[in-house]
Structure formats: structure tokens, C-alpha cells
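By letter and in written order, the chains are A, B, C, D, E and F; residue numbering begins at 1 in each of them.
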Amino acid sequence: MIRIGVHRSTYKVIAFAFVVGLVLPSLMQAQLLSFPKQDLVDYTAQNPFDRSTDGRPKIPDDLIDRARELSSEEVWAVLEEKGFHNQYADGFHVLHPGKTMVGRAFTVQFMPLRSDIDEIAKAKAKEHGMPRLMNQTAIDMLQPGDVLVVDLFGKKVNGTIVGDNLFYYTMKATHSGGLVVDGSIRDLNGISEIDMPAYFRAVDPTPIGEVMLTGINVPVRIGGVTVMPGDLVVGDREGVYFVPPHLVKEVLDRADEIHIHDEWTKKKFDEGKYKSSEIYGSPSDPKLQQEYKDYLKKRLDEIHKQRSSK
Amino acid sequence: MIRIGVHRSTYKVIAFAFVVGLVLPSLMQAQLLSFPKQDLVDYTAQNPFDRSTDGRPKIPDDLIDRARELSSEEVWAVLEEKGFHNQYADGFHVLHPGKTMVGRAFTVQFMPLRSDIDEIAKAKAKEHGMPRLMNQTAIDMLQPGDVLVVDLFGKKVNGTIVGDNLFYYTMKATHSGGLVVDGSIRDLNGISEIDMPAYFRAVDPTPIGEVMLTGINVPVRIGGVTVMPGDLVVGDREGVYFVPPHLVKEVLDRADEIHIHDEWTKKKFDEGKYKSSEIYGSPSDPKLQQEYKDYLKKRLDEIHKQRSSK
Amino acid sequence: MIRIGVHRSTYKVIAFAFVVGLVLPSLMQAQLLSFPKQDLVDYTAQNPFDRSTDGRPKIPDDLIDRARELSSEEVWAVLEEKGFHNQYADGFHVLHPGKTMVGRAFTVQFMPLRSDIDEIAKAKAKEHGMPRLMNQTAIDMLQPGDVLVVDLFGKKVNGTIVGDNLFYYTMKATHSGGLVVDGSIRDLNGISEIDMPAYFRAVDPTPIGEVMLTGINVPVRIGGVTVMPGDLVVGDREGVYFVPPHLVKEVLDRADEIHIHDEWTKKKFDEGKYKSSEIYGSPSDPKLQQEYKDYLKKRLDEIHKQRSSK
Amino acid sequence: MIRIGVHRSTYKVIAFAFVVGLVLPSLMQAQLLSFPKQDLVDYTAQNPFDRSTDGRPKIPDDLIDRARELSSEEVWAVLEEKGFHNQYADGFHVLHPGKTMVGRAFTVQFMPLRSDIDEIAKAKAKEHGMPRLMNQTAIDMLQPGDVLVVDLFGKKVNGTIVGDNLFYYTMKATHSGGLVVDGSIRDLNGISEIDMPAYFRAVDPTPIGEVMLTGINVPVRIGGVTVMPGDLVVGDREGVYFVPPHLVKEVLDRADEIHIHDEWTKKKFDEGKYKSSEIYGSPSDPKLQQEYKDYLKKRLDEIHKQRSSK
Amino acid sequence: MIRIGVHRSTYKVIAFAFVVGLVLPSLMQAQLLSFPKQDLVDYTAQNPFDRSTDGRPKIPDDLIDRARELSSEEVWAVLEEKGFHNQYADGFHVLHPGKTMVGRAFTVQFMPLRSDIDEIAKAKAKEHGMPRLMNQTAIDMLQPGDVLVVDLFGKKVNGTIVGDNLFYYTMKATHSGGLVVDGSIRDLNGISEIDMPAYFRAVDPTPIGEVMLTGINVPVRIGGVTVMPGDLVVGDREGVYFVPPHLVKEVLDRADEIHIHDEWTKKKFDEGKYKSSEIYGSPSDPKLQQEYKDYLKKRLDEIHKQRSSK
Amino acid sequence: MIRIGVHRSTYKVIAFAFVVGLVLPSLMQAQLLSFPKQDLVDYTAQNPFDRSTDGRPKIPDDLIDRARELSSEEVWAVLEEKGFHNQYADGFHVLHPGKTMVGRAFTVQFMPLRSDIDEIAKAKAKEHGMPRLMNQTAIDMLQPGDVLVVDLFGKKVNGTIVGDNLFYYTMKATHSGGLVVDGSIRDLNGISEIDMPAYFRAVDPTPIGEVMLTGINVPVRIGGVTVMPGDLVVGDREGVYFVPPHLVKEVLDRADEIHIHDEWTKKKFDEGKYKSSEIYGSPSDPKLQQEYKDYLKKRLDEIHKQRSSK
């Protein structure tokens, strides 16, 4: 719901949210901190998949789809084992708690406004034939399957990355990918009617302001996580996991086994004959162990068959 | 759910919540801080509307109705422009998040109990033929269209302005106007089934106590806002705005334009031909600008026709 | 959703959640703090009901059923009068806000892990032919009508008493009794689909760890409450009350009167002829007082008749 | 350290802190909430002492001097007994922890700025030949022995009641009486070298702004306390007590006894012959009880003699 | 500074702090949770030292003396290595920041008051010829070299384990051992003049109340630590470590090496010839490594000689 | 006090703090985010002073010396006027409150550890003949007059930039310049005896760990401030200001005037003839205004003479 009259006024913080053309080639020249495409490729060298034209790892669509069944605990199991202790962030407001968020991280970094630096940045942008960087610069670059991941250092007042209009545009552009902002949003009334997952720290009626966009698709920090462009983002009712692309396949395969284990455990509990400790985490009785192993094998086969038949 | 047995006991904090007759004329004599009707008139001299018999500005019902479509951001746009930086409070529990609260502020102020002062206040009240002031004194004065706005200085334990019985009465008396309390409520189970908007800091099973009612329809502080009796109260999913009466018309007219702008922006985004920055906040292409201006004019005309035909 | 692969790894905190046989007789020998059955009987000597085989007071099923209508405020009225100021805990996440939790407290206490103490505890358990104490030891002892009450001293990371598998088992074992944990849970996505009330401080993807189970059915502290095994646990949208068994009957009878009082008050408010202060908490007009007394008597008779006819 | 250049600029928040003449007679006309002198007299009717010309109770200087020996606990003992549960505030930064603050409360109230109200207040002030009310209006009215007690509703940024210049003036005017502000100060570096006790919530470099002075010597709220003009203010390392004048004498006399009791208790502990429970709070042995009573009488006599000889 | 008049009143919370005789043999019978002497011995079986008559490990005085040089980091180094991750608590107010606290843990546990339980406990105490358990019961049992460690579950109001009289007694009884309370103290003005280290969460003018003493020299929880009776307590400017007795010797020996390493590192830095990374944590140059090794050996020899010559 | 034994263990987080040679030329190749020297020069183009060899603006020593007299309020006056609203950070623990910190910002940025990224960074460093980047890499680059400014995103546990050994080295290398860390330190006992100003969020016994050094002398964020390498850092009892070099001269000159204004104001207050509002902020009486102007001129002349004579 921005503010038709506002562009006629001289109100500074609003002036921030305006017109931008297209920018990709010389983008690096205009942002305060640079992270060249080659660096992105180097630092995600373990990526087993293709890459987007901007250099980000491109986790394939079928894996993205499978990831919709993931929960935080299933991601935890593999990441913890692999020594990734810092990939989970929580403490967000969750817009649609029943809807899992899944997608490829498109990262944006802001820093507190400092006018001497900002003037130079604008001059540099101009010199390269670009408008100044701002939230819409980034939003206009979003692709289907992206999740917009924004480091606004927890800012509430004037830390609102989008209102309902740009949220709607983001939903269209990402095909309902999602939004994670370590900052705030505005227009919650309007946003809550739009069907895209979102995770934010606060809500405020002010527009974005007193900040500078300092990086697009650079490494950013969300809570205690270093997020890389192209990470798999998985958000459930509890929080958000950022999964390095080279671990995605293993996380998904492990999740299959966990789903089957849950199925079987629940089935055994429903029989009413066992204590929880006889069944869960692993049956103590060797016969039951075998039963479980057979069940696991059978169900995995079924799942694989079903997937390949698609 | 108060407590049929309780009035037979001597439990002090409950004794607080009892019988009161009618009080208006000498009310001022019995409250600790006075704000005579003439002061209320003087301090709201810009009010363009009629006044209630108690001196409060009376925003007309048709404007109240239009205000049901407002969101925090729309109010922000005008108030910020006019230099009102301190009219928004948030951080509340919101009882019915999907339902906007709209009405005229009926304010009540409490302060921590201090027995020497309280004794005098009771004596003064008696002298003027009034019972002591308490929460029901205020609640019995509510009118249709009012929102009960209570400064209980964030108190949780014994800071419960109403339980479900008085909440029900308030709903009846205000015709579902609403409640904002910088304090707590009790009987949330019962209250959550009653269809009136409410904003509160906490919930607690204790009744109100250890406080003195020190003012009715005096200026009060809610979070960082000075609220005047008769202000337009607008609550959405995010927080509550208190709008001075002389700004109400402008807020509503601006909101019409914002709604149309949102409509048009969404329509353009749905066409899928534009970047967000080409359309939003204001189109860069002069042809699109003209298209928008025509659309705006047409829709405003339709709205005005529709309103006048009612 | 625990983690089929995990038992094959050596990851310590998971190793915590494994196989246990049955233990009751020598349980006391293996827990750090002891509270022998005779002590439990002595300290709950006012209990007017039977006892479970483990010594806990056993509030009868029909009273448990009646307690489903209770709210925090109704419990407060009697407990406050009897001088029990410290029986209420709040500040929890409430899993199913519209569903009251009622049952008999089954208490579990954890303390921070300390390896020298833990080694001895394991040795003592082994000496008595028992596996080490852990969360499943307690969960396997749950009975229908129990509410699992766990003191995990507010721990979030590795303070997760159950995930969805053990939550499901607990639901089955207690017949949807419920869970209160001064700590966290995991697998919220899965848990939110299971129909049992639960109150917890946080959600985290980690499994339980870095703690020792130090007592089962011992007195525990939840927030500012000393909870005894066998207490009536009542949870509503606001928080949780722990009611000593000898006060249960009085709480329920008082609640009947409060319900009738609410009914009558609402009826009078609906007539639209009275100020709130003329009706609530007790009518000022003697004729109305009599009307209320008659109504109360009539309704109580109806209720008692209805109950005895079951 | 304010800011010679600043008055030449147009920076709004600074403009706040300027020139004021003298105001007393018509002060009431210009403040938002009124509390006429007669009300002050009525609400402090139990005051056993003279009054200042502004109507505040004037606790005599010799009692103020004796109060320098008080601690929070000694005040607590009497106030609790008399049913004053809400007279203590803590959580402040304490400027000079080793120095007790004692004096008569001079109260000031601020509310969040609201320009429509502020305009009217300025107009009213002008009409009565007064400049607008602001922090210096109040500070210029301070008398020796006063403690400046300011309700700035916890505001940090732009909630700075004084910097070092006005703090210095306050020290001079009150003869080192003191300052309590439920808000902030600025210029801590300079202030920490000035020998006057002060209690504040925070420190900030901004000047006071975005607030309106709404009352001088009206009842104010500091934390959970209702403070009346003329209250005895006692601040120690822990927090601040506000003592109603009619209780001052009893608090001081009780403190004499407590000091003697402490003296005697310490003496007995130094003998090393007793358990703490044999001596403290009251000796169990009747012979020791008598010894204490004799000691108490003797020391009280000495103290009274010493005081009357001054 | 308690309160000579208070024992004449009927004020409940004060009544709590009174007369107690001696109790040791049947102490276990009167406390809610029991931890028999044999259990204490069993659970501290690795203790290499003598024991006090109450069964607690008795770390020898000369090691206590050496521990006065310890800092949190030196204790951390050994405990972390040995797998003790949960032995450190911080977030306290530190009474005398420049003075290290060292001693043997004497533990006390309180729980929230619950009158049915409290009545039984009093009856049990009476039956065994003991007065009820209270704070002085514990304080009267303190020995030279003890640190009083109190679990008051973070309670502030009425969570004050001692005022200045009992603090003075504790100082005398423990020979300035110290106090750690996960709760509050009162009489800070008086206490700050007494030369004993103390760590507390808050200060409040109220006396202890609304609690029950539930255990003396039982395992207690302080922050995230399980503290055992007889643990070495080490408090510095940062926080408090609780060291199991069997690790004390190793902690102290490691600290000797760290002190020497610090000495040598500082000496090399003072020479001004090296980068920090050439010297610290371990020199990269083999010649410097040898120099350090020689220095370490020489200084350790000197220290050992000096100690044995005492 | 690090830990001679530690390098023999395999404990990971310690392994972090080790040997590094010299790095400057290829530093940019090994850090995650790059900010080439030319960018630093471009973004600080308004710098009126020389530059260090690393490209940072080099505020001259005599201005650094004059800045020792600054307080937060004096910096605020100029920065606010120039539109720099985001250059102040507070909420730190201040090591030596009476000692102003002044120097040139040397910035360091850390992000949460992520092993895939960290491996690449190490490989890149190796490829350029450098050891991995770590805290000592940065510390070894410090110059006299620098203040070490570290963004550790508020991390407490394992967020400890230095212990006492590296703090001592920093003091030597910067000639007591100072340290600001949005994170923690360890060894507070040792550090508090070293004479260098320091501002930190917390203290913890753990060493630095679970983080990656991602930038040296890049723009960093401290609280709500964007800090540029070479900024003037000014810390007083309240907080820390980061002043862009091109504003330093004006801040210092304005401070001269403020000091004189304070002097004169105090002198007038000492005369005891004026109300505060007659003198402060600016005298209302034209004669006094003239007196002040003359005084200001005279004192400025004296100061300038005194400075040029040095």
C-alpha cells in the first residue's frame, strides 16, 4: 500500500524506494562490498548442480519439490553430522505457519545509512550508467524458485523490506518462493492475504529508510548463520535452515528414511503392545529390528518407483 | 467470570470492583488529576465535528465506517507528513487479528495504589455524593462507537481491566467498539469468544487491584503516544493508531487514493510485462503515468458516486 | 521424527534417548534426589481420594471430566482464598489454544549434565539391574489421565523433552492428557497435528542432551510453582494451574456457581436495562439480589440432577 | 555541555530547551493536566509539617538530615506495616553509589509530543504572559532540599532531562538534593564529576525532545510508585523510596532502633559464642532478651540526648 | 538491618526468619527432598581428599589458598578438556570485583511456598524435635572455608537470602568464604562495607518469604550448573566456576603453567621484536620454543621449591 | 592467559588462534568479502588528510590529541547538523569509564563459521602463500594510534576477540589506542589491569571459535553504525562515536566553543544571581549576550595562541 501522494513530497525516507532500470553487468561496481561472480563460484565449488546465469548454484526443481516435505529436525540430522552447527535461525514471526518455505537463497545486504558513503555509491552507480541500488533493484532480479533473504541487521523502524505491493510482486516473480528478513515488513494486513511464506522479525508502518543497500547475492548473516547465494532455504513452523547445495541430496534421502521410520513407529505404537523404549529410536528386540529393516526397504523401493514414474 | 462468592469475602483487591451509581457532573471532583470539560474543548479546538455531551470530539459515524478499511501504513502516510511522529503504539496481543478496530477514544487512567491518597479520593467522592471511582465507573459511561483506552502502565498482575463479564458489557455498550489497554485482561478463554477487537499487553488470572483510577477522559499515555479523548482509534494486525479528529478526513481521502493505487499496481503486475521499479511507487514511463492518472480519476469518481448514493 | 540413522553414529546427545526396560521398584535407587513413596504419601496426607500404585493421589475420573470446564480465574478464586499464592505458571507457548488441558501431574526433573555425577548414577542403575534413567524411562510409566510435567529449567537448545514420535506415544498413553515442560520440544510441524494439549517454552531442532534425569514423581518447580505428583493440572489459553487434590472438589463447586453467575449476568446485560455496576459483581438492588439467588438455586439443582442421572 | 552554536540553527529538538521567565501564579493554566494547590493540600492532608509556598509539605531540615542514615530496608519495615506496598522503585543507574540521596520531591511530568496539543498549550501560556513550559521552567523553581523527580516514561533517546550544565545548576539550586528520572541524562562525563546523587534509566547524547512538559508538582508515576510533591525521597545503592510525609517521623524512629539492634547483634556475633539463630532477629534466651532491651534503652537515651544538645 | 520491631508483628514473611536450635542428625527427615550422607559419598566417590563430618569432600586449605590466583579461563581450560561443559554460571552482580572468591560449596535449596506441603514439613520437623527449616538453619551450619551456594530460582522480591546482619555472621563463620545466590540480597548499603565476596542476581528491600527451604547440602542448580556439596567454588570478575574436587589439583597445576606462559609471553612482547602470532599461543620458531620450554621448567622448579619451603 | 597446554590438544576452537606470517599484499585474495584499496580511497574521497599505506585516511596526531577532550554530546552536535544520524553506538561494558578512547578505526569483520566456505578460504589463502585469516592476522597489522573495531555480531560464547595476552599486545601495538568489539572478551581479571580503553558486549571464559574472519579494513557494522576504516573513534562513559575524517576538524572547533560556553555558564551560575533559563542555552539579556560573545572571543584567542605555541 504505498502511498501515491508520497512521491510528490520531499520526504526523504520515501524517496529511497524509487525508480530503477536494469543493472546486472556493472552491479559490482556500485555496491559497497564486492563479491565477484568468480568468488561466488570459487566459494561454492562443491556445488554438484548447474548454476544460474548470476553464478548461483541452481538446485534442480525436482529436489526443491521434494524439500517441501522437510522439517527442521530432518535437516538438523544431516547438517549436525557433517559439522555444520551454524545453519539454523529462529525467533521469527512466521506468516503462514502451516506452509513450508522452500527455495534458492537470493541474498541482499543493507547497512546503516552514512551520507558520505552513500553519495559516493550513487556517483559510482551513475558513472556506470546505473540508478542507485535500492530494495527494488534487488527485487527486480528475482527468479522463479528464489527465496529473498535480506540482512537488515534486525532493524524494525525503517527496516521494512517490503509492503504489500512489493510482497505481491515478489510472490509473482518467485512463484511463491518466500521471504526471510532479519528486519521488518509493513502492510501486514495486506500481506497476510497473499499466499507466500515469509519470516520476519517485526512489523512497522514506516517505509524502509536510513539504510544503504550494500550487496546483492553476497554472503550475508541471518541470526547466527552465514547464508550463501544459492543455498537451499527451508522454513517450517520453528525456524529456517540454510542448506549448502552439496548437502541437499543427502538431506532429502535421509528424510525419506526418517519419514518411513516415523510411519513404522507410529504403526507399532498404534498396536498398543509396546513401551516407547521398546520401539523408539531403534527396536531392542532383534525380530522387531528385522521387521523394521524389511519395512524400510519395501517403502524406499515404493518411493523410488513412484518418483521415477513421474 | 467474576466470582460470585468473592463479594462475601474480605479479600481486598476484589472489593475494588464494586457498586457504583451515576456520576458525571461531579466526576472531576473525585479524580486525582483534573481535566475540566473546558480544557478538553480548548485542547481539541481544531476539531471540525460536533462534540459528545462530555465534550469529546464526535467523529461522525459515516467516517468511522469508512475508517474500517484503514491500515497502519495509510494512517502513517498523512500523520508523518503533518509532523505527528508519536501517534502509533504496538507490541500488543491482538485478540482478533483479522478484524480492524475503529472508534472514538474513551480514556481511563490508573496509577499505583497509595493508601493516603486513596482515602482522600474516597472521601472527596463521598462528599460529592459519588461512590469511589473504579473500572466500572468508567465502563458504565461508554457510548456506542467508543473504544475504551486504558493506561494501566503495563501492569500485568492485578492490572486486568476486565474479565469476560465486563468485556461482554463493553461490547454491548460500545456496539463492538473495542479495547486498548496498556495492561492486562483476565478470562481470555471467555473473552476470545466475544466479537469485539481488543489489544492488551498480557493476560493474568488476578482481578484488578493495587491501583487507583485517577482520571476518566483525561489525556493518557499508551506506549509512546499521548491519547486525547475523542481521538479516532484505528487498530490493525500490527498496532494501534490514535488520529487527532482534525486529521481524520484527510487520512480517509488519502486512503482512497492509496487503495486505488494498490489496485492499479496489482493489475499492472498481473500483466507480467513490467519490473516492479517500472510501476511502483510511481511509473517511470510518462504514458503509464497518464494511464494511472486517468484510472485514479475514474475510480475516485466511482467511489464518490457510490458513497453519495447511500 | 527421530532419526533412524542416528543410533549407528556415536553422536553423544542422541545416545541419550535409548533402550530401557522396566524399573519401578528400584527407581529410587538410581535417581540423584530421592522422594520415597512414603514421603509422597506423607506430604499429600490431605488427599481425600484413592492413590495410584505409585503413591500419587488419584483424583477420580468424573472430577477430571468436570474440570474440563475450568478456567484460570475460577481456580484462582479458591486457591487465593485458601492462601495458595504460588500455584500458577504462565509464559508458555500453547499448542492448541482452544482446548483445555486437564489431568493428574506426573512429574519429571532434569538437571544440567555433570559427568562425574552421571557416571555414578549409571553405575547405581546398573547395580540395581536398571538401564540409565532418561526421558523414555519416565514416558513409559505414564497412565491414562496423566499430564507429563517436566522441569527442564527453561532450557531451549538440547532441552527438548519430546519430538513428534514420543509426543504421539504420550498422547496414546495418557489418553490425550497433556504435557507441560519448562523447556522445549522439537518437531513442532508434526506435533501440531496431534490432538493433545501442550505447554512449552520454546521449540528447537536439537534432541535432548547435556542433562541428567534426576527424579521421577518428585516435587518439581515449574516457573514459580512447586508441583506435587498427583496435583490436578488445569491449562487454558492463559497458563497452567496446579491444584492440590484436597482443594479440587471446592474449586469445581465454586466453578459451578461462577458459571451460573456468568449466565445470569449475561442475561441481565442482554436485557439492556442495567448499568454494569448495577449487576456485576453482585446486584445492588435487593430485588435483583433475590432474583439472582433464586436463579442460582434453580440452576444448581438442575446441574446436580443432571450429574447424578449420568 | 550544551551547545553554543545550536541556538542559531533551526534544529527542532533543541529549540525546546530555551528562555523562560517566571511563572508560578498562572502555571496551572498552561499545563495539560491540572492539580491545583488546594488539591495538593487536600490530598496530603495528613502532613504534620509546614508547607512550602507552592503548597508542598515541607519536611523539616533536621528530619531530612536524620534521613541521610536510612537504607531501603529501614523504610520498607514501616511502610509495609502501614500497608504502603508501592512506594519503592529500582532498576536505575546510580551515579554515586556510596552517597545516600535525601530530600523533598519536586515532581515533573512529561508526555509524548503531539503537535495539536502542544500548539494549544503554547497559546494558553502566551495568553497568561508565560513562555511555554519546558524542563528549565521546572528547574528554575527548585528550592534547597528538593529532589527533582521526573516522569519521562522511560524514554532514552531525546528523553534526557539534563546535561551537565543544568545538572550543575540543579546541584546549586537544591544544595545537592538530587535527581530521579524515569528517563535519561546526557553529558555523563561531565555529570559524574558533580557531587549530587542521581538515579536515571539510561544515558544518551541527544537533547530532550519529542515530549511536552504536562505538569509541575503534580502526582507522577516512577516505576510502580505514585509520587506526591513533597514526599521524602530516599535513595541508596539499591533504589529509591518515596515516603509520605506523615510517616517520616515513624520511619526515622524505627531506624534508630534498627541501628541499635544491628550494633548489638554485631557485638554479640563478634563475641563468637552464639549461633546466628540464637541472636537474630530476636534472642531466644530470656536473659539475652533482657540484655538487649537494656542496651536498646540506654542507646536510645544517648541518641536523644545527643540530638537535643545540638 | 533486621528489624527489631518486626518480631512483635504478625507479618508473615518476617516470621519466617526466626529461632532455630541445632539439627544435624535428623535434618534429612524434615527436608522435602532427601540426599542421605551415603548418597553424597557415593556421588562424589572420585574425591581424593578427606571429608567433613557432614560427608562433603574437604579440599585441603593449601589448595584453597592456591586457588585464589585462578581466573575463569584457567578453570575453563581443564574442565572443557575433561568434558565438563556445564560448570560455569554468570550474569551475577559481583560485590567486590577485584577480589577472587574461593571455597567449598555449602548448598541450600528453596522452592516456592505451598502451604499444604509446608505444614507437613513443619510437623515432620517437630516430630523429630527440630524447629522448621529456614535460612538461619543453614547459615548456622557453615564452616570456615565454606561458600554459601543458594538456589532461590532467580527470585527477586522475597528472594533475599541475607541482609547485612546475616551476611556479617556468614563472613565470620566462613572466614570470608563467600556467597553465591541465584536470587537476591537486601541491605546492600551495609553489605558493601563487609569484606566477603558475594554474587547475586538482584537486590531488594523485602525479607525472604513465600518460599520453603527444601534441602541443605543437596545437589542444586545455579544457572546452568549442577553444584554438588563440597565443590571448589571459584568466582572472579566474570562469573563463578564450580569445580569437582577430583579435578582441583589438575586445574591448579595447569594454572601454574598458564601463569608462567603469560609471564614469558608478556616479556617477549615487551622486547618489541615479535608479531603476536610469532609468540602466542605457541612460538613458531623452534629456537623460541626451546627458550620457552627452558623458562617454563625453571619457573616451575622455583614455584615448587617456594611452596615446599613454606 | 592462553593456555600453553592447549596447542597440544586437538580442541578445535583453540586451534583457531594460531601462527600467521605477514600478509598484506594478497590479503584481499583470502577474505570472503573484498574491499580493494581503491574502493577505500574512492569511498573516503572527502578525506582532507594523508593516508596510511593501507589506504586508510590518517587523521593527524595533533587532532587525535585534541579529540581526547571530546564527549559524545559534542560530537553529536556537529554530526546531527550534518545529517549523520547513525554514527553512535552504546550499550557496551566500558573497561575504564574515566578514560576517553580516541584513535583511527582499524576494522575487522567476522561471520558465523560454515565449513564449506571456510575450507575454500583456507585453500585460497594457501594458494597465495598466506596462513588462514584469524584474529591475530588482524592484530599483527595494528599501528600506533589505531583503535581495533571488531564486528562479531554480538556473539558472547566463543565471541571473545582477545584475552589478556592479545589485549596486552594490542595496547603495545596501538600505543593504548583502544578496542571496540560488538562481541565479547575473556580474561577480564587480567585485562582490567591493563591501561587501554575497551568497549565490549560481554565477557566469557571460552576462546574465540565457530566464526570466520571475513574482512580486514572493510566497512563494518557496530550496533546501528556503518564504520569505515580510518574513522575517528571517540569513546566516553556513554558510548562510542565514529566520526568521518572530513568532519573531524569541525567537530573539534565546535567543541572548543562548547567548552568555553560551559566555562562561562558555570561561572554565571556560580555568581548565584541568575535563573538557569536566563543564562542557558543562550542568555536572554542582550548585555549578557554581549558579555558572552566577548568572553568567547577572548578564550578562543587564548586557546589558538596556546596551540600554535606548542
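What we mean here is this: a residue touches a chain if its C-beta (ideal position, glycine included) is under 8 Å from a C-beta of that chain, and two chains touch if they have at least 3 such contacts.
On a predicted model such as this, the values are computed, not experimentally measured, just so you know.
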Intersection of contact partners for subunit C and subunit D: B, E
Chain located farthest away, centre of subunit E as origin (C-alpha): B
Proportion of interface numbers common to subunit B and subunit C (over half same, under half different): different
Copy-to-copy rotation for subunit B and subunit D - C-alpha atoms, rounded to a multiple of 5°: 180
Between subunit A and subunit B, centroid-to-centroid distance (C-alpha), Å: 38
Subunit C and subunit F, separation of their C-alpha mean positions in angstrom: 53
Touching two or more other chains - residue numbers and ranges from subunit D: none
Complete list of chain pairs which touch one another: A-B, A-C, A-F, B-C, B-D, C-E, D-E, D-F, E-F
Interface residues, subunit B side, partner subunit C - complex: 1-7, 9, 11, 14, 17-22, 136-137, 139-140, 163-166, 168-169, 172-173, 186-190, 192, 203-206
Footprint of subunit F on subunit A - complex, ascending: 32-36, 39, 42-46, 82-87, 111-117, 120-121, 124, 153, 155, 210, 212, 214-215, 218-219, 221, 224-226, 228, 244, 246
Partner subunit A, residues of subunit B touching it in the complex: 71-77, 80-81, 88, 90, 97-98, 100, 236-239, 241, 254, 257-262, 265-266, 269-270, 272, 275-278, 280-282, 284, 296
